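To start, the structure under review is shown below, and the notes come after it.
Order of writing sets the labels: A, B, C, D, E and F. Residues in every chain begin at 1.
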Amino acid sequence: MVAFQNDDVVHTTNHTHDCPEDFCKTGISELDLKLGGGIPTGNTVLMVGSSGSGKTTLSMQFLANGAKMGERGVFFTITEPLFKLTKNMENFSFYDKKMIEQGKVNIIDLRIISERLGLDAEKYSVEDASALLDVLKDIADELQVKRLVIDSITALCYRLKTNEMIRDFIFKLGSSLAAMGCTTILTSEVPPSGDGGIQYSKYGIEEFIADGIMYLSDVDRKGDLIRTLQLIKMRGTSHSRSKVALAISSSEGIEITPLLKSKG
Amino acid sequence: MVAFQNDDVVHTTNHTHDCPEDFCKTGISELDLKLGGGIPTGNTVLMVGSSGSGKTTLSMQFLANGAKMGERGVFFTITEPLFKLTKNMENFSFYDKKMIEQGKVNIIDLRIISERLGLDAEKYSVEDASALLDVLKDIADELQVKRLVIDSITALCYRLKTNEMIRDFIFKLGSSLAAMGCTTILTSEVPPSGDGGIQYSKYGIEEFIADGIMYLSDVDRKGDLIRTLQLIKMRGTSHSRSKVALAISSSEGIEITPLLKSKG
Amino acid sequence: MVAFQNDDVVHTTNHTHDCPEDFCKTGISELDLKLGGGIPTGNTVLMVGSSGSGKTTLSMQFLANGAKMGERGVFFTITEPLFKLTKNMENFSFYDKKMIEQGKVNIIDLRIISERLGLDAEKYSVEDASALLDVLKDIADELQVKRLVIDSITALCYRLKTNEMIRDFIFKLGSSLAAMGCTTILTSEVPPSGDGGIQYSKYGIEEFIADGIMYLSDVDRKGDLIRTLQLIKMRGTSHSRSKVALAISSSEGIEITPLLKSKG
Amino acid sequence: MVAFQNDDVVHTTNHTHDCPEDFCKTGISELDLKLGGGIPTGNTVLMVGSSGSGKTTLSMQFLANGAKMGERGVFFTITEPLFKLTKNMENFSFYDKKMIEQGKVNIIDLRIISERLGLDAEKYSVEDASALLDVLKDIADELQVKRLVIDSITALCYRLKTNEMIRDFIFKLGSSLAAMGCTTILTSEVPPSGDGGIQYSKYGIEEFIADGIMYLSDVDRKGDLIRTLQLIKMRGTSHSRSKVALAISSSEGIEITPLLKSKG
Amino acid sequence: MVAFQNDDVVHTTNHTHDCPEDFCKTGISELDLKLGGGIPTGNTVLMVGSSGSGKTTLSMQFLANGAKMGERGVFFTITEPLFKLTKNMENFSFYDKKMIEQGKVNIIDLRIISERLGLDAEKYSVEDASALLDVLKDIADELQVKRLVIDSITALCYRLKTNEMIRDFIFKLGSSLAAMGCTTILTSEVPPSGDGGIQYSKYGIEEFIADGIMYLSDVDRKGDLIRTLQLIKMRGTSHSRSKVALAISSSEGIEITPLLKSKG
Amino acid sequence: MVAFQNDDVVHTTNHTHDCPEDFCKTGISELDLKLGGGIPTGNTVLMVGSSGSGKTTLSMQFLANGAKMGERGVFFTITEPLFKLTKNMENFSFYDKKMIEQGKVNIIDLRIISERLGLDAEKYSVEDASALLDVLKDIADELQVKRLVIDSITALCYRLKTNEMIRDFIFKLGSSLAAMGCTTILTSEVPPSGDGGIQYSKYGIEEFIADGIMYLSDVDRKGDLIRTLQLIKMRGTSHSRSKVALAISSSEGIEITPLLKSKG
C-alpha cells in the first residue's frame, strides 16, 4: 500500500483550523433566530432563487450588517454594473455610502478584475478560472474580510466553456472557500419553480460545496406572488425548516415574518 | 497580487453615472401605480410572454406615451416587416403617425440594418453580432433616445450560430445597455406556460441582464383565455407583485385592471 | 456610423404597402364574428393542432369560401397525395369540383413541384429550399391568388436537413409571405396536448412569422373528445379568446358553436 | 418560371385514382358503426397503443374478417416469430387455419424477406429500406390483397440507422401505400400514457402518412386496467370520437362496448 | 420479384414448433389463477419494476416452484454476486439448497461466463454480445432447462457500448429466446414511477420481444409503500389486468392478495 | 461449448463467503427495529437524499455507534474538508473525539489519497479510478473495518470523465464492495423530489450494486419541511416500508419517529 500511511487518519482531526466557535450574525433578527444564532462562522451558504427573489438585496444586507458589527466584507458581482448596483442599494436604509468609502463593504466587479488579468471578458479558459480564484483569495486576504459574497455563481460558471470545466471550477472554489475561512454567500440563480419541481442550482453540483442552503421562492396566493425563504440545510446548527415570508422594503430592507397559511 | 489595487474598491462607487433619480413613466396609469411611479430610469426590463400575450403592443405604447411626454424612443424589430407593424399599430388610438414623421418614435428593422452592414441576413458571426451592437448604440446616441425597445431578444439570438455565442452576446448587450443609460424593454418570447412550469426566457440567461421582469401570461377561466401581467422584479422600486388583468382594445390600447378570482 | 442614415427611420413608415384595409372572411360566420370581421387581409395565420384536429378541412373551407366570394386561392400540400385529398374533400358540401376546374381553388403537390425542380424528393439543401420559395411566390403571382395555404409547414420543415436550415427557412418564408400580400394559413402539426403543456409549433419559431394563431385542440369530456378552436392572437383585430367547439360534418363542413362547460 | 405550368393545377384533380367509394368493414360491428360504415377503402390507419393494448389482435381480426368477406389480406410482422404469432391467434375463434392455407390471409415475416434480400438482419441502409418497400409492394400486388397490416411500423423503423433515414422511409412508405390502394393498418408502439401526456407515434412523423388514427390505451379504474379504443381521426367519415371499452376474449376476439364512467 | 415466392406464405404456418399446449405454472397460486392457469409455455415475460419491487425474489420463486414440479431452470445474474444472491434466498422457505446441488435450479453469474469467454468484463463488443448469446443457448440446451431467468436485461444492456448495439442485441435475444422454447423471465429495471409516468423498460425496446409484461410497482398509502403487481399483457391467455398487492415474507416468499382501495 | 463446464453451477453455491449471519446494528433503535434487527452484515446500502436530508449525519452516526459496539469503521469523504466535517460532527453527542484518536472511526479525505497517488485532483482516468478502488480496499483491509461509508458516490463519479467510465466504475465498485464484506453505506445525492418524480441516483445505475435503499426526503406540511426516511429495499430482511419522520438534534443525533398524517 503506497498511498496510505496509518497516521494519516489520526492526523486528520488535528487538521482542524483555528475556527471561532460562534456564529456570524446576518443582522436580520428573525433570520438569526431561525438559524439558532446565525450562520456558523466559516460556512459557505448557497442562496438559491430565481430572478426577483431577493438574493442580491439579502446578500448586501448581510454585508452591511456585518460592517456595523465591525466585520469587513466583500461583494463580488459578475453581471450587474457597479453604478447600477450601488444606485439600487442606496434606496435601502441599511445601506450607507460611508461603509464603502471606509472600506468596510467592498464591491468589486469581477469583469473589471478579469479585464485587468487580461482574461477574455466573456469566456474563461482553465487557467483563467484558476487565476481568478487566486485573485479572489488575494483580495479577501488583503482586505481581511470576514464575509464574502459572490453574486452569482451561476453567471460566473456561464463564462466557463464546458460542463467539465464548470465541475472542476466549482470543486476548486469549494476548496478555496473552505481554506479562506470567511463566511460566504454564493447566490444561485434558478428558474422559477412553477410546477416543474425544485432545484438548488443550475448544474446540480453547486450544493456539493455548500454547508448551508437558503431557498428563496415565490408562493402564489391566488395571483399574488409572496416571496418566501426556507432553510433547507445549515450544518452546525439546529434550525427550523419552515417556510417564512420575506418582505423587501426600502425602510427595513429584508424582513422575515410568518407565512400566513393559504385557505385553499 | 497583480490584478488588484486597493483603491479599485473605493473607485467603484464614484463610478456612478449621472443618473436621473426619477422614473420613466409607461403612461399606462395603473401600471405606473403598480410600479410605484414607473420604471426606474435606465433600467432594462425583460418583458416575457408567449405569442399573443401583448408584448409588442405594450412596448410600442411605452414609446408612444414617452413621445407625448417629450422623450424620444426607438423600436428595433427583427421579425415583423415595418409596413405590417405600423399597419397594426394604426389601429390603436395611442399611436399617432406624426410621432414617426417627427422622429419622436423611430421604428427600425434590424434586418435592413444588418443588410446594410453586409451581414448574412439570417445568421450572424461573432463579428456581425458585435458590429450590430455598435450600430444599435450609435443609433440610440444619434437619435438621443431615452427609451429603447428590442422586439424580440429571442429572435435576435436565433440568428446567432451557437449557444456559446448567444451567451456572450447577451452579456455584451447587457453591458452596452447599461452604458447607454436608456430605459429599455427587451421582449422575450417563451412557450405558453400550460402545465409545464414557468420560464422567463428561451436561454435562461436573458434575465441576468435585466433590472426588471414583467411577466405576461394567460389565465384560463373555463376555456376563456385572460391576458395577465405580473411584475416579478423591478430593482429600485417597491412594487406590488400581484397578477392583474391586461386588456387590449383599439380605443385604449393596453389597460390594466384587477384580476377577478376564479370561483373554481 | 456607416450603417444608418437619419432618413431610414422616416422612410420606414412610408414603406407601407398598398394594403386593403378590410378583412378576408373565412366564410364560417361564427368564426368571422369571433375574429371581428375576418382575418385582416395579408395576415399570416398559424393554424396549430394535432392529427385529426381539423386543420386541413378548415384550411380548404377557407379557400372554397374565398372562391365563392371571388378570391382565388392555392393549397400547397406536402404529405397527402392529391387524389386522396380531393376524394376526402368531395365528401363536404362546401367543396365544388368546378372551383378546381375553373382555377378558383388550385391544389398543388409540393412534391411534384420539387421533383420538377430536380430537388431531392425527401431532403432539401439550402438552395433547394430557396428555389422552392421562389416557385411558391411565382405560382401565387401567376395565379393571382388572394388566399394561400401551406399544409403543413411542419412536414415541409422535416425535409430540411438541420435545425439551423429550418430556422433560416422559416424566417425567409416569413419575409416572402409578407411581401406576397396574400392572406395565408400555415398549418402546424403538434403532438396532442394531453398533460404535457401547450405548444404552438414543432420548432418554436413558426409563431415568429405569424400575425395570428388559431389553436385547435381536443377537450376530453369524460372520454368523449370534443374538437375546439381558440384564437390565441390576431394582430389588427379585437377578437374574443374564448375556446369554442368545432364540429365537422359533411353537410356543413366546419361549424363553430359555444363550448358547453364541463360539470366536473 | 420553369417549374410550374398552368395546367398542372387542373391536372391534379384528374389524377384521382379509380377509388371504390364504399367502406372496408372491420367486421367488428360496433367499430364499423362507430366508423360510420367502416374504414374508407384505401385509407392508411395508424393504430396506436402500448404493449398489451390489443393492436396485434385487432389487426389480425381485421384481416380474418376481410377474408370471410372475400378480401385477401397480408400481415407483415417484424418482431414476433410466425409460429408464436399463429399459436396465439389459434386461441381466437375468429382465426381459422384454412384462411392461411387457402391464401386468404397471408402472414409474412419481414425478417425472412430481408434475409432473402441479403439485407443486414438488424440494420438497414437506405438502399435496403428502398428494396424492402419494393418487395412489400410486389407482394401486395402479386397476392392481390385488399387489406394490409404492418406490425409494427415502430419496430421496422428501429432497423434504420438514423433519424433522417427514418423520416425519409416513413414519407416514402406513405407514398407507396397511397399508390397501392390497399386499406392499411400500421401499428404504432408507444409508451404507456401514464401522466406523461399522449403521443401517437415514436417519431412524431408516422401520423403524417395516416388518413386515420385509432388510439388504444388503458384507463385505470382504481387499479383495474381497462382497455379502450378511441377514433382520433378518420378522413372521409363522420365518426364518433368518444372513448369506448375494448374487450379481448378467445370466443369473440375484440369486442367494443360503452365505457362505464368512473364514479370518482 | 426476387425475394418472394408464393409458397413462403403457406410455409409459415407449418413452421409452428412442437409447442406444448399447457401452461408453465408459477406455483404462486393466486398469480396462476390471475394468469388463467400460468404463463403459456415458451412465452417470454418482461418483469418490470424499480429497485426493491420484488423482481429477483419472484423470478427465483418461479424457478424453485418449477423445480418442485420437475422442471429444470436456470437463473442468469449479471449484477449480484452468487454468494450474496444465495445467502439472501436462503431466507425464504421456498428456496432449498438441494435444488441447487441436484442441478434443478442453476444459478450462473454471467460475469464469470464472460470472463471465461475472454470478454471485457464491463463492456461488450458486437462479437462479445453474440458469443454470449450463443453460450446462453448452449447452457440452456445442455442443462435441458424449461425455465430461464435473466436478471436483469437492463444491466446486461448497460455493458453494450452504443444504443444501436443495444437495439440489435435485444432483437437477437428475442429471436434466440423464441427458438429455445423455454418459458423466460427477463427482469427490467426502471426508475420508481413517482409522478413521472410509467415505462416498461430502459430503452423502450425490451417489450418488443416480450409475450407478456408483469408490472411491479409501489402504491403510496399515506406514506406506506405497498408493493403491487399488474399483468399488462400475456399473449395466449385471458387474464385479469387488475392491480393486486404483492407481499414478501420469508415464510411464504411472494404472495398475491387483493389491493385494498384507498379511502382518499 | 467452451465457456461453460457443468460443475460451474454447483460450485457457485459453495462460493458462499464465511458471512456472519447476524445484523449490523445502526444503533438508532427505531431504525434497527424497522430493519428487523439491523442491516444484514455485508450489505451495501444506497442512502439517497438531496442536500440537507441528513445523509452525512446518519452515516457518521452509523460509524460512531458501530465503534461503541466494537466495530471499526471508515468514512471516505470527497467534497467536505476534514476540519469542517469534524467540526460539524462535534456538535453531536454521539460523536466522540476519542473514537478518532483510537482509530475506531477513521475519516479519510479521498482527495488527499488521490493527491498522494498522483491522480489529477479533479478528473480521473480509467487507471486512476482503478487505482483508487485498490487503495480503498487496502485501507479497509489494513484498518480491519467492518463498516464503510463513501460520502458521496455521486461526487466521486463526477470526477470521472464519461458516462461510460462511470458505469464501469460503479459496477467495479460493486464487485469490490461485495468482496470486502464490510457493511457499506454509499450516499447518493439527488435533486429535491418536488413534483418531478422520484429517483434513487444521479446515473440510475448506482442502485444496481445496492442490497438496500434508504430514501431520505422532505415532506411539505404547509410550508414546514419535515425530514423523512423510507426503506425502499433491504435484501435479507423483512422490513417495514412506511415513511417515518427523521429528526436531527445535537443531543440525540438522528431520531426516528412516526410521521403524523397530514390533515389536508
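Everything below uses one rule, namely that a residue touches a chain if its C-beta (ideal position, glycine included) is under 8 Å from a C-beta of that chain, and two chains touch if they have at least 3 such contacts.
Everything numeric here is computed off the predicted structure, so don't read it as measured data.
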- Message: Return the chains shared as contacts by subunit B and subunit C, ordered by label.
- Response: none
- Chain whose Cα centroid lies at the greatest distance from that of subunit A: D
- Item | subunit C-subunit E separation of Cα centroids, rounded to whole Å | 51
- Separation of subunit C from subunit D, taking each centre as the mean of its C-alpha atoms, in whole Å: 29
- Message: Using the touch definition from the top, which residues of subunit C touch two or more other chains?
- Response: 193, 195-196
- Message: Going by the touch rule set out above, what shape does the chain contact graph take here: line, ring, star, complete or other?
- Response: ring
- Query: What is the sequence of chains around the ring when one begins at subunit E and proceeds first to subunit F?
  - Reply: E, F, A, B, C, D
- Task: Over in the complex, which subunit F residues touch subunit E? Could you list them?
- Result: 1-4, 6, 8-10, 12-13, 15-17, 19, 42, 164, 167-168, 171-172, 174-175, 178-179, 193, 195-200, 204-205, 207-211, 213, 219, 228, 230, 232-233, 235-236, 238, 241-243, 259, 261
- Message: Give the list of subunit E residues in touch with subunit F in this complex.
- Response: 50-52, 79, 81-84, 86-88, 91, 97, 100-101, 103, 106-109, 111-113, 116-117, 122-123, 131, 135, 138-139, 142-143, 155, 158, 161, 189, 191-196, 218, 222-227, 248-250
